[in-house]
Structures are given as C-alpha cells and as structure tokens.
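One chain, chain A, appears in both complexes that follow, with chain B as partner in the first and chain C in the second.
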Partner chain A sequence: MNTNLKISNVTKIYPGCVANDNVSLEFNSGKIYALLGENGAGKSTLVKILSGVIIPDEGKIYLNENNLKLNSPLDAKKNDIGMVFQHFNLFETLSVFENLIIDSDEQRESLREKIDTIIKKYNFSIDLDIPVLNLSAGQKQKVEIIRCLIRSPKVLIMDEPTSVLTEQETSELFLSLKKFSEEGILIIYITHKLKEVMQLCDEVAVMRRGKLVSVSEIKNENIESLANKMVGQNLKTIKKKKAKTSSDQLIKITNLNFTSEDPFETNLMDINFSVNRGECLGIAGISGNGQSELFQVLSGEIISEKNSIEFNNNYIGDLSPQERREYLMAFSPEDRLEQAAIPQMKIFENVALNNFKSSNFFNNGLINENKIKEHSKKIISDFNVNTDNIELKSQFLSGGNLQKLIIGRELITSPDLLICFNPTWGLDVGAINYIHETLIKINEQNKSIILISTDTDELLKLSDKISVIHKGKLSTIMNAEEVTSEKLGILMGGAN
Partner chain B sequence: MIKIVKRDQPSRAIFFFTPVLAIFLTLVAGGLIFFILGFKPFEALKFFFIVPIADKYGFSELLLKATPLCLIAIGLSFCFKSNNWNIGAEGQLTFGAIVSGGVALLFYEQEGFYILPIVILAGAIGGMLYASIPAILKTYFNTNEILVSLMLVYVSKLILDYLVVGPWSNPEGFNFPETRQFSDSAKLPLLFEGLRIHAGIFLALAAVVISWFVFYKTYLGFQMKVSGFSLKTARYAGYKGKKMIILVFLISGACAGLAGVGEITGPIGQLHREISPDYGFTAIIVAFLGRLHPVGIIFASLVVAITYLGAETAQIFMQIPKYTGQVFQGMILFFLLASDYLLFFKIKFIGSKK
Partner chain C sequence: MIIDINFIGLIIASIMASAVPLILASCGELITERSGVLNLGVEGMMIIGAISGFALMTVTGSLIIAVFGAMLAGVLISTIFAFLTQTLITNHVATGLALTIFGIGISAMIGKNFVGIPGKEFPVLFEGLKDTIPLLGPILFGHSIVFYFAFALPFITSYFLKKTKIGLIVRAVGDSPESASNQGINVKLVRYACILYGGAMSGLAGAYLSMIYTPQWIENMTGGRGWIALALVVFSTWNPIKILIGAMIFGGLTIIQFHMQAIGVRIPVQFLTALPYIVTIIVLVVISRDSRKIRLSTPSSLGKSFHKDN
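Let's turn to the complex of A and B:
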C-alpha cells in the first residue's frame, strides 16, 4: 500500500525566530528522504511537528489525504508515525523486553511473539532479557526502532541517528532502513552529514534558516552541491599539505594512568604517545571512551604524576592548567557553553579566562580592563568573530562565533601545542571550514595539535597520525595516510 | 493587538527600570488592597510610606532599619552573583549576635576602647563560622546549600533561645528571657542625641565600598564570579573553584554577623529572644531589588526599610496588623520577578489592520 505524507504551509514562530517559514513538502513511500540542514535550520522543529511534540502556528499535515491533528506524541503514534530521537528514551535498568512493552497495552505473550518475528526478520542480534544499560549505543537504537516497528508504522522518522554509532553500526542501520523502505515504510532521515545522504537517500530536501530551499533527487546532486545549498554560499574545499616530517619531539606521555572515583567516568590505562613539532595527532573514538578524561589529564584539570607528561623537556604532570599555559600549552575543551566559556559573561571577560602572565590582564590582584579589551578586539578581528561589541554577553554569539573566540583566545598567545576536543561539534559548515583552516595553519607554523574528536572525517582530514581510544586505552599510533574510516570504525568498536 | 517579541539582547535601561516599575506596581496593588479593606487608598499609602519618615526621628529609624538590610544584602550579593543560594543569612546574623554577645558579656562591667572592636570582630567570625557549614557541605559533600542554610536558621534561633533562657540569662532579670546589659564600652556609639541611629551605619557603608571594589576591580572578584557561574570553567581556567565558593559564603556570613552585632550592641545593648525581625530573609529581597549592585542595594534597603516602619504606623493609626509590612515585601519581590520578563521580551502594540 502506498503511503503519502504531505506537509502543507507549516509555519512555526518563536519569539525572535521563525523556526519554520511556510514549509510545504510531500513524501511517498518506497523512497528514503533526507531532510538536510545546519543546526538551527529548522529541521528538528519540523520533525517535532510531525511527531506531535510541537504544534505549528499555521499549516496542515495530511497522511493519505487525511488531515491529521497532532496535538501530542500519542496522536502521532496512533496515526502510524514512528520517531527515533537522537537521544534515547529508554529505561536503563529495565530489560529490553520491558522497555518494549512499556507503552503498549497488548498482551505480553503476543507481543513477545511479534518482537521475536521482527528480530528474526531484520537480523537484529539483541537479547530481550538483559537490562538496557548493558547494550551498546547501536543496540539501544535498535531497541528504539523495534519499539516503532511493533506498531507497524507507515512513517518512520530518524533524527540524526548516526551521531553515536560506529562506522559498522552505521552501515548495519542503513541496510535495515533500506529494507524497511522496500517494505513500504516511508522513511525520513534527518541529518547534517552529507556523506550519509549520498549513501542512503533517494531524495533530499534542504532547509536553511527555517525555509525550504530545495527538493531534489540524489542522483542530480553531489556533496559539494548539497553543502553549498545548505550553507547558501560556495565553500572552498580544504586540503592539508603533508607535514614536513620533523623528529623534534614536543610532548611525550609515558605510562599515564587515571583512576576515577566517579562511576560514570572512564579510567585511563597506560597511555603512551608522543607528538613532534608541526604535527597533528588525532585521537578517535566513540564518545564516552575516556576522551574527556584524557583531555582533563592533558590540560591539568586532573593532576597526574610529574614524570608522566614531558613537555618541551620539562616534566609537567603535576602542574595546574594555568601553570601549563606558561609552558606554552593551550586548551579548547569540548563544552563551549559550560566549560570553555561562560555565556552569561561578556566577551572580554571570557577572554580573560586564559590568563597568561605576559598578557598582564591582572596586575597586583587588580583587573586591567583596558588591556583585556585591547586583546579582545585583536582576537575578534584576527579570528573573524562576527561582532564588534566586546561588551556583548557571549551567550548572544552563535556557536561558530563563540568557538572562533575560544580558539582565538587560546591561539593568540602563540602556544607550541593546542589540545582541542571536538572543536567543531554542532557547528555549521561555514564555521567548521574556518576552524579547520585555522588548525591547518597552526601546523604549518610548526606548532603541534592534539585533536580529540568523535568526527572521523575531521580526523582524517586534519591529522598526521591517528590513534583510537577505546575504554580508556589507546590503540597503536598509525600514520594517517594508512588509515581508512573503516579501519578506525573497527578499532572504535573495540576490536584489534 | 499586543505582540510579545524577544529582545536581541537584554536591555540595559530596562535592567534598572524594572525595580522602579516593581515598586510602582506594589504601590498600586497595595492601594487596591487597602481599598478592599475599606480604607481610602491614598491616605493609607501616606500612612504607610510618608508619615513614618516625615520627621527627624522617623528618618533616623529608617536608617536604623536600612543598616542591617544593606549590610546583609551586600554580603548576599557575593553569594548570589556567584550562584550560591545562601538563604540562611538570618541564621548567620543570629549566630554572629550570639558570639559577639557572648564576648560582650565576658567584658561585663569592664571599660576600655579595645572592647568594641573585639566584640565586632567576634560577630563577624561567628557569622563566618555559621556560613562555613553550608559552604563546606556544598563543596565537599554536594549538599544543597538552600536547604542547609535555611535549616540552620532555626537551629541558631533555638541556640539563642536556650542561652537567653538558660546559662546566659540575667541573674537579676526576674527570669525574663534576656541577658545582662552590655557595658557601654561594648556598645556601638549613638550618632545623635535622642536618636537611635548608631555607628553601625558606617559598617554598612564600608561594606558597600569594599564589595564594589572587590567584585568589579580585583582578580579575586573575577575568580569568584567565574567559579559561581561554572566550577568546570574555573577548573579549566586554573582557579581554585571550591575555595572561591567557601570564600563567598564566608564574606556573606561575616556581613550578616556584623548586622547581628549592630542589632545587639546598638540601642538594645543585650541579647534577647527576638533580635531580628527577619532582616536576614528580607535582605534577600533587598539584594535582588538592588540588582545585586552595591549602589542599587543602598536604595533598595531604604525602600524596604520603609515597609517595616510603615507597618508599625499602620498598626497604630489604622488598626491593621503589622504583618502588612511583609505583604508589601512579598509584593515587591513578586512584581520584580514578574517585570524581569521585560528584560528578555518586549511588548509591541500593533494597530489592528482589518
């Protein structure tokens, strides 16, 4: 049976922002649709409208010519619209089976049969009776998908489903999605990853600033054309020149261990690596495998044994972040809003967070505001931060501009080593490009980078050497040219 | 048609305007309440807000009430600006008063210029000690400072109760729940003959200046601010975030303790059961009404102090309970929080088109 889903003139306005501006789209079963757009383009709002979480100000939704009234997620379920969110809605301590039956009023036995058939049919390897907390992210996602399939949906919406998956899990997911589509389920796939759209989808709708900018068939598009539509301008492609092989060692980590008292943190075991001048070492891994702990140990937020970190022929393992900065290290943490900057404080105050002795921000315990402001203005112009008001609270900067400010703040002291953790996470393509260019420039100036990232493409683009972190252990360090994303995926999943 | 639009950034002018708006709305609502109670609204408001401060004595009383409010609110502003929700200033005031009162009683029947500074210092230390409890529990055991500091208020009041009824009660006091009178050397000097306003006001003014300087001009103040917003950021910047939290609690406790000293070594000159008409709680309103800014707090403490005086005149002249004062304090906070909506949103009036 053919399914037809029509969005007609949907508008949703928030104070100060038009999230969806008169969006009309039509979907037919048998095809996989991509909904593509940068963060804030309005795609999440649109799918939330489809799944009943948000009620639009104007516009209608038709499923097979029937006008749907979606006032709650329950209405969407009743109308055979299934949705798998980016963040899982599962009870960690309940078993898989219990999670699956929790919102159903069918009989346990008949449901169990139904679930077993689904699992067999799609070759999902999941034990129904173990608690969800023992599952990998990929398996958890399958549980969410099964939960939708139980209701035999006509429409299945997937919101950024691969952000937590390994390469292998991603291809498994794609196989399943293709199968669902062949069986007549209409699939809408939300993402900002262009490569996935090219691999998986048949048609693509691109959104920008709340508006639908194009609907086209994938065969008429390529990655560059989609990227340009998404950003609304022509992007240049960045390529890193092969680094001059230097053998001048800058930082060396020897037998570094970290044991946490917090059960939600990962212990680091026997970390060994070194980085030469002018090199970028990429550290790949699925999030939650010890990256955050590794960053903190390297930045000095967590103190370790003095001899475990040797930087520029000094042992600095027991020094605080501020002391390490004086040895010309710089840090850009993952969390822009909660760690690297304080959104409620002004731009120039955020600049003062990187207090380098020679920048004289504070004299005899007093704030030297003029100096900080002068410095801030330089960062803003040197690093293309799109504002001219350094008195602005930084919460009013976009993610990209805030990240430029942070990277700028760290780099303006011309450090020998920059350690950054997911520097482009959640940014739009334009900002990502800028940050990537900046990082390449640092290497060209014979300065080094340790890039901890969960984005494999980014790592392959920028790194000279790559290692993978899994459950707090580093893999052997490989030359970037010899590495493929498939190989990284296998290591990220924990295999050798 | 009325439309609500989000501001691109909070308006600076509105930031200072909303407290004024809140006071205006409080007056309107207060007038309305008086009207419903059967009074002439304007006359009643006059009794409440103008009559009490119309003469020299009234004005002195206003400053007398504003002094502890200002002092405590200044201390609280350190906590609140760094996101530490110390709402137990009343307890810190009480404990500060207990310690300084205890020291003052030690010097009973003694004279000397050195006594008053010791008594004042003891009050500050008492407040700090008491504030360090929620601070240490928060930083090292992750407890919620709101609950801990609030509960400790009642503990301190019970300690005070026990002391003035039991071991510290005046042997010649016919079992009244109060201590001996302190010696004159342990009392803050009165500023004018016949008026109750005392030297405690200088402590408050000094606190205003020092807090402004520390918070806006020093590296220490900057670190306190950062630590308050995010301990993670403080750690990343290399600050000792936990120490900063404890420090703001200590400052806040010291200020409340000093307010306690002012209450017992001022006109009263002894410890008794009710040393504070909830100054510690009312000061929370003062701190927010003053926008956590030292100068704002001076004005706010004067405005809120009037509600104390007005409540008393209203009780005398209009036979309404003095708790009306608390009604007004509540309304000020209520309207302030409500009008803060205007910081982020503006109201647009659009003429109907069709």
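Let's turn to the complex of A and C:
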C-alpha cells in the first residue's frame, strides 16, 4: 500500500526566531527523501513536529489524507510514524530488551520472537540481554531502528543518523534504509551532509532559516548546487597549500602510557609521535578508541610522566593545563558547552577563563572587566562570531559561533601549538569552512596543530601527517598525500 | 555461664524489630530515587507519620485507622514535596531539607498534647507458636503485621523493579527522563507516584516507631533514623536486598552496643554509639564495590529536575 505524507503550511515560532515559516511538503512511499539544511535551518523542528515532540503553532499534517493530531510522541507512534533521533532516546542502564519492551503492549515472549525475526531479516547483530551502555553508537542506533520496526511503521524519520557512525556502519545503515524503502516504508532522511544525500536519496528538500528553499530530484543536483542552496551563497572551496617541510621539532611524545581505573575509558598504550613547526598532525579513529583520553593527556587534564611530553625543549608531562598554556599550548576540547566553555557564564567571562596569568585581566585578584570586554570584542570581530552582545550567556550561541569563539580565545594569545578535538563536530558547512580556513592559516604562520578528529574528510584536507588511533594504540605516522580514506577506514577498523 | 538459646532468639528478634523502620523508609525512598527524585525529607515524613499514627490512635482508638492515617499523612506531606519539585521545578535537595525541618517542627507542635499518654498494645501474630521451636520460635513468631510486611518488602521491591512493567518504567524514568518522555511516558506522573509511595512508607515507618516499637510519643523520637535510611539507600547502591543487610547490621550493632554499655565494657560510650554508623557504611561500601554494577543501578538522573519543553 502506498503511503502519502503531507505537511501543509506548518509554522512554528519561538521568541526571536521563526523555526518553521509556512512549510509545505509532500512525500510518497517507495522513495527516500532528504531534508537538507544547515544547523538552525529548522529541519529538526519540522521532524519534531512530525514525531509529536513539538506542537506547531499553525499548519496540518496529513497521512494518507487523514488529518493527524500529533500532540505527543505517543500519537506519532500510534499513527505509524517512527523516528530515530540524533541523540538516542535509550535507557543506558537498562538491557536492550528492556529498552524495546518498555513502550510495547505485547507479551515478553511474542515480542522477543518478533525482535528475533527483525534481527535475522536485516542481519543486525545485537545481544538483547546486555545493558545499552555497552553498545557502540552504531548498535545503539540499530536498537532505535528495531524499536521503530516493531510497530511496522509507514514512515521512518532519521535525524542526522550518521553523525556518530563509522564509515562501515554508515554503509550498513544505507543498505538497511534502501531495504526498508523497497518494502514500502516512506523514509525521510535529515542531514547536512551533502555526500550522503547524493549517495542515498531520491529527492531532496532544502531548508534555510526556517523556510523551504527548494524541492528537487537528486539526479538534477550535484554537491555544489546543493551546497549553494543550503548556504544561500556561493561557497569557495578551500585547499591547503603544501606545507614547507620544516624539521624544527616542536613537540615530542615518548612512550606515553595511560591506564584508567574507569572501565568505560580506554587505556593508552605506548604513544610515540612528534610534530614539527608549521605542521598539522591528524589523528583519525572511530570515536571511543582513546581520543578523549589522548586529548586529556596532551592538554594536562590527565597528568603523565614528566619526560613523556617534550615541548619546545621543556619536559611538561606533569604540568596542568594552565601551566601548559604558559608554554604556549592551546586547547579546543570536543565538548564545546561542557569542557571548553561554561554555559551559564557570559561570553566575556568565558573569554577570561583561560587567561589567568599571561594577561592583564586581573589586578590584585580583582577582575578588570573593561580589559576583558575589549579583548572579547576583538575576538568576536577577528573570528567572525555572529553576535555583538558579549553579555550573552554562552549557552545561547550556536555551535558554530561558540566554536569560533573558543578557537579565537585560544589563538589570540598566539600559541605555538593548538590541540583540537573534533573542532567541526555538528557544525554547518559555513562554520566548518571558516574553522578549516582558520586552521590552515595557523599552519601558514608556522604554528602547529594536533587535530584529533573522527571526520576523515576533514583530516585528509587539513593534515600534513596522519596517524590512526585504535584501542588506545597509534598506527605508524603516514604522510597525508600517501593516505586515502579507504586506507584510513581499514586502519580505523583495527587491521594492520 | 549457660546462655538460654531462646534468649539469643530474643536478641535477634529485637535486632530485627529495630531494623523495621529503616527497611520501610529505605525501600520507599529507594523507589523514589530510582525514578530520579532525591527526597531528603525522609526524616520529616517519618516523624509526621509517627505523630499522626499516635494521635489518631489516641483520638479514634482504632489501630487500623491510625496505621493507614499515618501512611496518608506521609503521602500528604510528600505531596507538598512532589508539587514543589515536579510542578514548580524547585531544587530537590533544598526542598527535601525544608521538608524535614517542617516535619520536625509541626510534629512537635501537634505532639504537645500527646506527651506522656501511654500507647496501646499492638496485636501480634502467631504468639502461640513462639515456644514451639527453640531459637527460631522467638525470631519467627509473635510479631506485628508491620514487622512481617517490612521483611517481605525488600523482596517485593526487588521483584517489582526487575520483573514488572511498571518497575521497568520507574527505572527508565530514573535513567533518562528525556528519553522516557520522548517514548510517551508521563515522567511527572511516574515521579509523583514514586514520591507519594516513598511518603507512605516513611509514614508507616514512623507509625511503627510510635505505635509498636516504643508505644508513646516523644518529641523528635525518630532520632535521625530517616537520615540512616537515606544513607542505606545510597550505600546499598539502590539494591533492596542490600538495604535489608545494611538495616540488620545497623540494628544489630545498635542493640549490641546498648548491651555492651549496660555490661560496662571499657570502651568510650561515644565510640560505641558511633559504631553502628561506621560499620554499616563500611560493610555496604565493601559489598557494593563493583563499579560496573554501581553504574548500572545508579539512577542517572537522580536529583535533577526534569522540565518538558514544547
């Protein structure tokens, strides 16, 4: 049976922002639809309306000509609309089976049978009786998908599903989605990744600033045309110039080990590498293979042996992050809002946080607010942060603006080395471009970067040398020109 | 010296009796905390239960009305907590502390007229069987219905959490209220119910103290048992069976140190009085060391307010 889903004149207004401005769209089963847009374009709001999480101010939803009243997630489920959120809605401490049974009215035994059939049919490999926190991101997503499939949905909505997946897992997901589509499930795929749209989808709707910009068939589009529609202007493609080969060594890591007492952390084993001035070392890997531990060891959040880290001819392994900053290191952690900035504090207060000694922000223990504000304004204008209110709490900045602010804060003291961890995670194309340009500029000024990232394309674009981290061990360090994304994929999977 | 074997039985029975209010209040609080709500008002709810039970017994003369009235009083005062923390989204810790202070104050005020009035005798079950089995007889028989209920409660609680759908929903809400809400579970309703249940159990624990354990009203008669109950929940890592063990150790040491003081053992009294607290915590920490299991049984959202946004 054919499924037809119609969104008619949907509007949702938040104070100070129109999230959805009179959006109308129509979907038919048998095709995979992409809903494309930058962060904040309104696509998440739209799918939350479809899944009953948000109630629109105006507009109607029709499924097969029936007007749906979606006042809660339960209503969406009852009307055969399944949704896999970007942030998983799973209960980490419950077992997989408990997660699946919780919203089902079926008996344990019959449900188990049903789940087993689904698992067999789509070749998922998941142990139903272990707690969800032991699963990889890809497996968690499969649990979410199974949860939808149990109810045999007519519509399946996937919100940014690949942001946490490896390439292998992504291609598995695509195969499954194509299979679902063949079986008559209408698939709506939300993303800001253009490559995926081209690979997977049949039709694409582009949103920008709450408005629907275009609906077209994929065969009439290409990556550039979609990117321009999404951003609303022509994007220049940036390329890194080949680095001058310098042999002036800046940082050297020797036999660095880290053993954690927390069973959910990864131990680091025998890490050795060095970075020269003006160079960018990329560290690739599937998330959870020791990247966050490596970042913490390098930044000084975890103290190691004094001699294991040599920076500018000083041994600094036992120094705290603050002391390392004195030696002109700078850090941009993965979690912008928890690690890099304090969400409830104002922009200028956050700016002051990492500049305790080297600046004149403080006089005899008192805060020199004017100085800090002046400095913050400079960062905001130099680094293109899209706000002029430095009194704004940093939690209200978009991801892209916050990342620019953080990078700006780190760079304005002109450090010799910037260590960043997934700097463009979850950002839109415009912001990613800006961050990449900035990082390239740093290298051109003969300063160095250690870039820990799960985004292979980013690493290939920015790095001079690349290594792969797997289960806490680094692979040999390769020249970036000799590396392909396929090769990285193999190394990330743990093969030699 | 020959010790009568039945005497040992009696001591064990008295240890168990002193553990009853701890088990009741802890198992109630455990359900509350498993849903992600930290109610520090246990002491306050207990003392309200104690005075309500005693007052109702004196006024109406009915034990049944008194026991259920005490539970109802616990429910009512916990409704205040639930309304504040769930509907008005106030801070759990501050609200819970206020509840305890409120409870202690209001119970003292109501209790003024009940000081010095003797309690009633509470009927016990299986009295006749007490002498039929040596040692076990005094342990198993001749106790109040509340006593038997308390010792069944940890097992009922454990079964409820592990095996029933509602128990699963309670754990899910405690793990991630956001996810639960997105799954269509009414988080507020679940949390309200868990808070009210915790109130009822605390009320019952209080009634046990003022009507059965020491049948009279004394101001501040809970004497910190509510805080011990709270500590038991945390140190047992939210496991009802371990609460039972902890409550027995605590009750046991309390009773034994009384006897030691009476015999005149040469250990400072302060140390003896502190002993139950220290040993209970050490034992519970030792038996709950598995960090993986702690991670799995700790309600991740404990003490965090949940507000659904639209």
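Worth a mention:
Quick note on the criterion: the second predicted complex is superposed on the first by the 415 of 496 C-alpha atoms of A that agree within 3 Å, B and C clash if a C-alpha of one lies under 4 Å from a C-alpha of the other, contacts with A are read in each partner's own complex, and residues count from 1 in each chain.
Definition applied: a contact is a pair of C-beta atoms (placed from the backbone, for glycine too) under 8 Å apart; a residue touches a chain by one contact, two chains touch by 3 or more.
What you see is a predicted model, and the numbers here were worked out from it, not measured in a lab.
Looking at the shared chain after the overlay, A:P263 reaches chain C, while chain B stays out of its contact range.
Contact with chain C, but none with chain B, is seen for A:P73 once the two complexes are overlaid on the shared chain.
When both complexes are overlaid on chain A, the residue A:I466 reaches neither chain B nor chain C. In the superposition on chain A, A:L133 contacts chain C only, with no contact to chain B. Applying the stated contact rule after C-alpha superposition, one finds that A:I406 touches neither chain B nor chain C. By the touch criterion defined above, A:A480 reaches neither chain B nor chain C. Of the two partner chains, chain C is the only one that A:I54 touches; chain B does not reach it.
By the document's definition of touching, of the two partners only chain C reaches A:F85; chain B does not.
Those residues of chain C that touch chain A in the complex are listed here as 165, 168-169, 171-172, 175-176, 178-185, 291-292, 295-298, 300, 310. Of all the residues in chain A, the ones that touch chain B in their complex are 14-17, 299-301, 320-323, 325, 331, 333, 335, 338-342, 344-345, 349, 352-355, 362, 365-367, 392-393, 396. Taken in their complex, chain B has these residues touching chain A: 4-10, 216-222, 225-226, 229-230, 232-233, 235-238, 345. Within the complex formed with chain C, the residues of chain A that make contact are 53-55, 72-74, 77, 85, 88-94, 98, 101-103, 131, 133, 262-264.
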